[in-house]
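Listed below are the structures to be examined.
Both complexes below contain chain A, partnered by chain B and then by chain C.
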Partner chain A sequence: MSAGRWNVLLGALGIALFLVLWEVIGRLGLGGISWPPLSAVLEMLADDSKWALFQRALAATLQETALGYIWGTAAGLGLATVAHLVPPLRRGSDRLAAVLNSVPSIALGPIFLVLLSRDSTPAAVSSIHVFFIVFVSVSSGLQRATPAHRDLFAVLGADRLKRFRRLELPAALPALASGLRLAWPAALIGAIIGEWFGASRGIGILIINAMQNFQIVLLWCAVLLAVGASLLFYGLLTLLERGAYARFG
Partner chain B sequence: MLASATISIDRASKRFALAGSSEGVLALSELSLEIAPGEFVAILGPSGCGKSTLLRLVASLDQPSGGSVSIGGAAPGLVSGRHALGVAFQDHALLPWLSIHDNIALPFRIAGRRVDEAAIARLIELVGLARFATARPRQLSGGMRQRASIARALVLDPEVLLLDEPFGALDAVTRRQMNVELQRIWSERQITTMLITHSVDEALFLADRVVVMSGRPGRIVREVTVPFARPRAPAVMRSEAFHHLVDDLTAALEMPDPDSSPSAG
Partner chain C sequence: MERASGRPLLLRLVEDYWGILLLLLGWQLWVVLNRFNPIVMPTPVAVLGDLVAYPMVYVQSVGITLAVAVFGLIAGMAVGTGLAVAAWFSAVASGLLNPLTILFSSVPVVALIPVIARLLGYDTSTVLAIVVIITFFPSFVFASSGLRSPPPGSEDLFRVLGASRLSVLWRLALPAAMPNLAIAFKLAAAHAILAAMVAEFLMGTSGLGYLFAKTKSDFQTEQAFGASAVATVISATAFLLAGWVEKRVRERYG
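Up next, the complex of A and B:
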């Protein structure tokens, strides 16, 4: 058996073991009252009467996440590009991004709440998370062109914009794709945290409500939905990243 | 087509800053060399003798610390700005995301000129890559990549052609084959050419004149006009006269460095 298939098999075994343990601990009550068996959670997830609730929450969170993702990517890509093309701005923009990132998003929430509406806060927190990751990955990606390529463009008489468009930007695409992959889970977390500041619906609201009403199984349903949404898009973005490395790496 | 230009290097010096030394390192010392229009000059020297530094001055990639460098009377920066320099490095520097065709078309795009498909097709044919126009660089062998990089250097009909060890990373057999091909390609358009190499055979087979440099600081220790008529067949390399010149130049290369002590320069 090849090493690759062996790894897949081991991975599948690990996941199966984890799920079985979850079920057994839940059934036997070893994890206490807040650890339900997996089957109970799946049963509620499959329950038609609950599905409308889940769908609404998931749709709201995904919409906020997508909005934050798009805005954060645009801002990160934009600032990294401008800073790259206008060198005096580089240090300042690096600092700005570092400062923004060092502020815990939970602390930014109230500020957004004051500045924006309750329902825009999730997307705003999400976009801050995405912005930093995309900014850092694009900034470093734009430095990735090799010295030989830079020499070539200099001898051929390329101006800064031509060099950017024909060399630095394509060379940065793999790094951008890595950033986009890493940014998705961060965007989702940002949206869920943002919802805690009073959004009208979403997975974050579901989590809070379930917790406060001690609906443990519902709480786990909300968590599983968040994990599923995270993993699904993370997987798709991993494929995009692989494509970018194969073509531009 | 632009006319080939003269390369004039007039008492050029190049000093690099070095941490812990107020003087830095003198890579070139008052070196003078003139390459006539349409002449092919090979610069031969051991590694670290400053021959690549010399090429970088002509290619506008570095500025001389003293003296001057000009191409057809203009500063190299101006010539590069009007997209009239052709260059090939030891690293082929093809863009991995472009096909061979698009890599060769790149100088047109950088110069903001209409892509001359006929010129590209002719060059791809000339360097023997017609079947690989749509391939990506990583699908090609080292020798093929260097051919593509030479085609790219020639595609804008440059005033001068600068070759920095273009075959330095190839195996001996491929290298010899590439020399024969470059000779054929060059005979078609006789552009003023400066070739940096450490291979005596390569220099003698390709050039009209061979200049031997010695290092620290880099300067010219010997010049030889190559007597063989063009076009040159590979058989030239087996002639008595060729062997004689190889011995002569190898001896010049191995000459002890009179002032290689650390205090030199």
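Up next, the complex of A and C:
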């Protein structure tokens, strides 16, 4: 058997062991009353009567996350581009991004609550998370074009904008794709935290309510839904990233 | 520093901090022009005033959160690196662990905080555990890939010279992993304090997150934003310091 296939097999075995361990600990009650067996959680997830609730929450959170993701990407890409084209702005925009990233998400909630509305707060918090990751990855990506390429463009008489469009931007696409992949879980976290500040529905609301009302299985269901939504899109974005590296890397 | 000292101080300040200054100015104008009640939204000047007037309110909370974040960061990185080294020794262990940790490191960990809080109980040690878990994943992932990517040919050289597995680890794999560990440190350092704050906020135990939740619900909004401002400064400083460490490590081992 080849080394690659052997590793895939081992990896699958590792994940299976983890799931079995989860089930056994839950069955034997080793984790206390807050650790239900995996089968109980899956049973509730498959329950038709609960499905309407899950679907509503999931749809709301995904919509907020997608909105925050788009806004954050636009802002990160925009600021990185401006800072790249206007060098004197670079240091200041680096610091701005670093400080914005350091503001605790729970403090962003109340600000957006006043600035926007209860139901746009999740997307706004999410966009701040995405902004930072996209800004950092695009900024470093835009500097990936080699000096030799730059010289060639200069010799052929390309102006600053043409050099940016034809050389630097394509060179930055793999870094952008990596940023987009890493930004998705961060976007989801932002939306979930944003929901805690009074959104009407969503996975974050489900998590908080289940936590406070001691609905343990429901809490695990909500967390599993969040994890599933994160992994699904993370996987898709990983494929996009591979494509970007293959074409522009 | 020498390089920059040629320019006047004011110009340097504007160049480095224009974004932050604009943000603060915009915030101040926004609050003043809308005549917001300070309970709804205080001005940055008022928040600063509160910080200066009542520093002692913040000191204790900062101490708790900072201690939890620092210990959690150290423990999380130690456990992550330790497991990565263990996995480096055994192909089977790394095959079992790698996909699982990559899976976990792409999970929105903040969503797990309520579950962890339920499992471990609502107290400060749970906040510590959450920071350890959150800093563990990047350390493990980055350390593993660093340990496995020594300079080309160097492993053959060690083998030809008859080096033991342990001395390969100590003299080749670990130094090769240092730049990656520094990246993990940078990612984890800023997150440690913010994760600690979210956990404190949710569980209402102690520290800056608790101070924020409590003052917010008591309508002492200035103090709530003061707590956030302190957290922002600490987290940004941690990020900058870690960036400096990363640069040094790259110069030494890169």
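Please note the rule applied: the second predicted complex is superposed on the first by the 249 of 249 C-alpha atoms of A that agree within 3 Å, B and C clash if a C-alpha of one lies under 4 Å from a C-alpha of the other, contacts with A are read in each partner's own complex, and residues count from 1 in each chain.
Methods note: a contact is a pair of C-beta atoms (placed from the backbone, for glycine too) under 8 Å apart; a residue touches a chain by one contact, two chains touch by 3 or more.
Keep in mind that what you see is a predicted model, and the values were worked out from it rather than measured.
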A:V227 contacts which: chain B (first), chain C (second), both, neither? second
Can A:V20 be said to touch chain B (first), chain C (second), both, or neither? neither
Could you say whether A:F153 touches chain B, chain C, both of them, or neither, answering first, second, both or neither? first
Report for A:L167: first if it touches chain B alone, second if chain C alone, otherwise both or neither. first
Give one of first, second, both or neither to describe whether A:G249 is in contact with chain B, with chain C, with both, or with none. first
Which chain, chain B or chain C, ends up touching more residues of chain A in the combined arrangement? C
Chain A-touching residues of chain B, taken from the complex the two chains share: 59-61, 80-83, 85, 87, 89, 91, 93, 95-97, 106-107, 109-112, 162
Interface residues, chain A side, partner chain C - complex: 6-7, 9-15, 17-18, 31-32, 34-35, 88-89, 91-93, 95-107, 110-111, 114-115, 185-186, 188-189, 192-193, 203-204, 207-208, 210-211, 216, 219-220, 222-223, 226-227, 230-231, 234
Using the touch rule from the top, collect the residues of chain C that touch chain A in their complex. 14-20, 23, 30, 36, 40-41, 92, 95-100, 103, 106-112, 114-115, 117-119, 190, 194, 197-198, 201-202, 208-209, 212-213, 216, 221, 224-225, 227-228, 231-236, 239-240
Which residues, counting only chain A, touch chain B once they are in their complex? 146, 148-149, 151-158, 162, 166-167, 170, 247-249
